[in-house]
Structures are given as C-alpha cells and as structure tokens.
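Chains here go by letter, A, B, C and D, matching the order in which they are written, and residues are numbered from 1 within each.
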Amino acid sequence: MSDLYSLTPYVVLAVSALASTIAVYLAIIERDLIKAVLYSAIQSTFYALIFYLLMVPDIVLVYIPVAVGLLPAILIIAVKKTEKYEDVGGVPRTTSIIVLLSVTVFTLIAGYLLVVSHAITFDVFPSLDARLLAKWFLATTLWWNRLFSSMSPEAVTAIVWDYRGLDTYFETSVMYLAIIGALAIARYLDIPRKEYREDVMGMSIIGKMSTRVIMPMIIIVAISIALHGHLTPGGGFQGGVTGAVTVSLLIFIFSVYFATRFFKISIAILLRIIGLAGIVLSATIVAIIGFLIGQPAYIFQNQPKIIAQIGLPYEIGGNLISGTLLLFNTSEFLAVLMGFAILFLLLSIPEENVLEVIKGEVE
Amino acid sequence: MSRIIRAIPVAILTFIVYIVFTGSATHFDIVTGVIGAVIVGIVFGSVVITNTYKFLQLQRYFWGLAYALYYFFIAEVRAHYDVIKRILNPKMPINPGIVKIPIDVASDYSILAVANSITNTPGTVTVYVHPNKKYLYINWIDVVTREPEEARKAISYVFEKFAKKVFD
Amino acid sequence: MIDLRTYLFTVTYIAIVVNTVIALYGIFVRPNILKKIIALSIFGDCTFIYAIIIGFRKAEPYPEIPIMITQQPSKEYIEHFVAKAVDPLPPALVLTGVVIGLAVMLFLIFLSIQAYRLFGTLNIRKIVRMRG
Amino acid sequence: MNLLNPVLTIIGYVLVGIGAFCQVVAGIGMNRFPNFFVRLHAATICAIGGSFVPIIGCSLIALSIEEFGVIRFFLAGAGFVTAVFLLILAPVGSHLLAKAAYFSKAAVLYPKAVDLLEEDVERGEIRE
C-alpha cells in the first residue's frame, strides 16, 4: 500500500507527459491556427501539472497565467488579425524528412548528454542526492545567522534576488528591451479616442457583470502573491503576470475604450518606470546607506557580510521582511504588470487606424 | 467624494479575500492588505459599485445566506441528481430545446445572480439575455412546456425571489 | 532490476524529448510564422522542463518543495530540509525565463503582425520569394 | 480543535469522492450526449460537482492536518478563494460558449423540441 502511495506521483507524471506529447503533435500538425493555439494551451496545462509534480510551485504560479492565459489570448488576437489557415503547399517531402531526421538525432544526443551529466546511467535517474551548490543554498537560506544567510524561508525568491541578483537584473532589462521594441514599432500609433458604450461594445451583460466582480479579486490575489514572495511560493514575477490577466480581461470582455478609462499608455509607461526605479533602488540601497554613514557596503547586498557589516533589518516587530526582498517584489510586480499592460494596449489598437498610419509611412 | 464612498465596500471585500487567500493575520498581512485593498478599491470602486447604501442594509446579508443555503443544498443537489440520472439511464431521456423566460428584476447584479444560478445548475444553460433585460433564453435539457410563465415557475422563480431580496 | 519509479520517470523524460523533436520540426518546416512562434513556445517549455529535471532528486517518500514551513528553524529541521528538498536554483532561473520568454514572444508576435501589414501574407516562403 | 479534525477529514474525503463520481459521470455524458448544447450540461456537472465540491473538500482536509502548522491555513484559504472564483467564472464560460456557438452556427441545435430564440431572431426582435 505504501508502495502504491509513493508510486502515484510518478504515474501521474508519466501519464501527463504522454498526454502532452499527443497535444504537441496535434498542435504542430493542425492547419487551423486557432485550433493549434488551443492544442498548445492543452499542452501547457499538462506541463503545469508536470511542474507541480517536480515540486516547483513558484514555476506553476508563473506558468499558468503565462502559458494557459496570456500567450493563447495574444496568439488568438494575432491569428484573427492575420491568416486563419496555414498554407502548407510547396514544402518538399524530402526536405521535411531530412529536417526531421537531423532534429531527432540532435535532440537524442543532447537528451542523452543531459542524463549522463546528471546521473551516469538510467538506473539512478533522477539521482538520489542533490548537488553541492543546491545543498549550500538550501542550508543557508534561513540559517538565522545574518552573516551567512539571506533570511528568507523561500529559497527560490532568495536566489532570484539575494544570491543571483545580477542575473535577474539583466533578465529584467531583456524584458524592458522587448517592450521598448514593441513601443518603437507602434511609435506613431495611439488608441483612438472614442466613448465607451455599454450596450454595443464588448460581450454580453453576464460576462461584463461577473468580470466587474472578479477583477478586484484577481488583483488582490496578485498583490498577495507578490507581497508574500519571501514567505510562501510566489514573488514579483508571479504576481505581475497574474495581475496582467486583469488587463486582458478588461480588453476582451469590455473593450479597449473601457480599458483606457483606467490607464492610458503614457500612465502605464510612467508606472513601469517607477517600478524599474524601485528595482534599481533595491539593488543599491545598502550601498547608498553605507556611503552615507561611511562604512563599506556593496550593491546587490542585502544582509550584512563579514567584510561589510551593514544591512537592512530582516524583521520588523517579529514579522519577517527579508531586507530588500519586499521592496524588490513590490517593484517587480509593478514593472511586470505595467509592461504587459502596455503590450496588451498596443496590441488592441484597431487595424484600420494602423493601416492608415502605415500607408502614409510606406509611401 | 462619491468615488471614495464607492471605494469603501470594494476595499472591505478585497481585504477579506486577501486575508483568506493569505491564510494568516499577522501584522505584516494586515498592513499590506489594507494598503493593497485601499488602492484596489480606489481604482475599481467606480466600476464595481453603483449604490453604496445597499451595503449598509443588514437584512440583505441574511437573505444572501438563505440564497446560498437554498442554492447549494437544494437546487444544486436536485439538478445534479436529475442530470446524472439522465446520463446513466440507458435510454437517455432528453428532450432539449431553447425556451424563453421572463425575468423581473431591477439591477444588473440580480440578472447576473439569476443567470449564473441557472447556468450553474446542470440541465439549464443561459444562452442569451434579451437586450431589454426582460427575458432570458435558456437551453433546457428536458422541455416540459414552451409557455414562458410556466417555464419560469419551473426554472428561475425561486432564484429570482431571492436575488430581488439580496441585490435590488 | 530497475526501480519502477525510475522507469516511470524515464518514460516522462522520453516523452519530453519527443516533444522537443516535434517542436523543432515545427520551427524548421512549417511555413506560417505564427505556427513557428507556437512551436517556439513549446520548445521553450521543454527546455524549462529539462532545467527543472536537472534539479529534481529522489527522496523517501517524495521530495519536498524548497520552502521552509517554520519561521525559526532548528538545526535538525535544516538537516532534514537539506536531505529532502529539491534544488532551488533551476526554478529561480526558469522563473525569469518564463516571464522574459513571454515578453520576447509578444515582441515576435508584434513583428509578425507588422510583417502581415506590410507583405499581406505570413507564409515565410512567399515572403522570401517577394524579395527577388 | 482536536475533536473537530476527524469530522473535517471525513467530510473532506466524502466531498472528494462525490467530485470523482461526478467527473466520471460527466465524462460518460460528454460521450453520450448528441450535440454541443446538451454536452454543456455535462460540462456544468464537471465544473460544479467535479471541481467546486472537491476543491472545498481538499481545503477541509488541509485544515484538518495539524502537522502542517501555519501553512494549512494558507492551503485552505487559497482553496476557498479558488472555489469562489470557479463558482463565479464557470457559468460565464458556459454562457459565452453557448452564445457564440449559437449565433455563429458552429453547432447545430438538433434534436430540438422547441427553439424560441430562433423564432425571435426570425421575427427581427433580436439582431446579432
């Protein structure tokens, strides 16, 4: 009986992986692009289950809004704006077979190398032991000795900001550049000024009223996920993408003219700049304090270290706040939410307006 | 001013959701929850709430509780039993069709409550709301009558009575 | 005699490898740009799962999430935690990867919509022929 | 609290069992029912009996396990909030699907006993 109990997660893991393979096959083969998007959403659902069973709840929280919610929504908008069906004519059969063979060989070699690097043989896959670095991270995340620890019980968020903050910083700048690129493409475009009319725009009254009830709840749940990032699964990224679902709901269920009542693109850009400034501040605040009181301190430093003895308090009145982690999570929440809000608003500009502007530009 | 008055009920509601979702009520949770709830209330207050003073009338809460008890323990159980019986019956006795029922409530939230209750009970799905908000079109798994008033008695009369007491 | 759990885990791994093959095939062969983007997102998800699998481990009865559930841990609790929890580094990398991936994907979708506005088609073969 | 825990556990397991039964029946119904609109009724069983009820059950089970310490309130609270979301949003999904399928003629309402919506559309009362 206990054998069966310990076997169950592995059975679910294997079944969902096989089901996701079927969904991937259908998504690639399907010619109707809307159906392909839906198949890829099914695949994402199974992947979320796999992530959960591999014991990474942080990823589940960020993956479900991204891959099941936002990406299919955007892809469906894009398909509606462009071609509905894929034209597969003109692909030579020999080419596709050669590509398939070479891809298969490449992937099998890469996959086998991954196993070898990880566990020597398939007999002990996955291995019984964790890596040395993982053990060090796990042992020091909440040691209750400020000189060696990040003082956060959540190892993942501690690594994202405390141990590998520089990586996160540059990855945030990649996202910043992507949004700047989208803004640059749409530089002459703006959402047309039009009055929102309840009776003609958007979906039916049931959808509208329930969205009205549910929107503040989604936002507050996103805030909760973001602000408790240093205690429970979650953090700024997860909260930001969960909150971005609200923006897409506003645009889909009501219309973009209703969404612009809440924020214009310029206000969203402003709030996003505030978020990015908060990230920079949380990276440098300890160094600034050290500079002001004349002690050695580093950027990306949170808790005091042996050679730099200052740091932010890790608790206030018995509540763990883990130094700069709270500030970082709040700013990241704002930056991610507003970044996706900008992209959604840009994507929902009506096609006639865009074509008008582009025609002038091409000629 | 009306913006702030409207923000208060939304802030209280979202604060409750925050505390329930977080699952703890330390000082940290309460402070962050109040800040977040106030921000959300100010942003969304004007779209969610139309009449704040309905929130002050206590009898609405008792009627809401009665609605919930009736809905969960009588309406849902009866509808589930009925449709499960139809599915498991080898002959599958279904007689589907779209009927039209009149609805006589004032606020949009009442329409939402009635329509969602109808859809959430298996056997009936709201297909369309008439633009003048006086009729609902229901897909019914077993059409016993096509007369609007009789269909109303069979499907939505009790929901409507409760929803009027709670939301209107 | 291979443990049944290892066998099931290997099945999972092979299924993900097959997903990768299909997604790469889609990227290289299918002509529509949006289909290429869908395949690219599937490929990205597969790589995320590889990264998570590197951090996964076996523990009795099942590994734990890398999050402590007590606020002031004792020494024994930390030892137990280190012996059971999965590697927290890959989730931290994948976490940013998912969000950045979404932002870059949205940028690509923007570009392809712009390409459709300019060329009138999203078939990559037709667009290439248009140059000549 | 100690006395209440076994009661919560038993109620939770009963609710999860009801959920499993409803899911199986809904799956059978999905396959047996003749058209899209009738299948929506099976989907409703799936959403309420098969998802809402077992999520409440899981929350109650989580509340009753005292070894989890403080985190059990987190699990149970997240479960309750999810259940409320599901209760509000599941019927909206069904309604919008039914409406879209009806007016885009993607699914044909057959067999049908009566279709008063079609009659009103033909009379020109509703334009969609």
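Just so we're on the same page, a residue touches a chain if its C-beta (ideal position, glycine included) is under 8 Å from a C-beta of that chain, and two chains touch if they have at least 3 such contacts.
Since the model is a prediction, treat every value here as computed from it, not as a measurement.
One simple way to say how far apart two chains are is to compare their mean CA positions; for subunit A and subunit C this gives 12 Å.
Subunit B and subunit D have Cα centroids lying 14 Å from one another. Centre-to-centre separation of subunit C and subunit D, using mean CA positions: 30 Å. Shown for subunit A are the residues in touch with two or more other chains, namely 204, 206, 210, 213, 217, 221, 232, 320. Shown for subunit D are the residues in touch with two or more other chains, namely 70-71, 74, 81, 88, 91-92, 95, 99. Chain contacts: subunit C has residues 69-70 touching two or more partner chains. Contact topology of the protein chains: irregular, matching none of line, ring, star or complete.
Under the touch rule stated earlier, the contacting chain pairs are A-B, A-C, A-D, B-D, C-D.
Across the complex, subunit C meets subunit D through its residues 69-70.
Contacts from subunit A toward subunit D in the complex involve residues 203-204, 206-207, 210-211, 213-214, 217-218, 221, 232.
On the side of subunit D, the complex with subunit C involves touching residues 68-71. Contact residues on subunit C toward subunit A in their complex (touch as defined above): 2, 4-6, 8-13, 15-26, 28-32, 34-35, 37-39, 41-42, 45, 48-50, 52-73, 78, 81-82, 85-107, 109-114, 116-118, 121-123, 125.
Contacts from subunit B toward subunit A in the complex involve residues 10, 13-15, 17-18, 21-22, 26-28, 32-33, 36-37, 40-41, 43-44, 47-48, 108-109, 111-112, 115-116, 126, 128-129, 131, 133.
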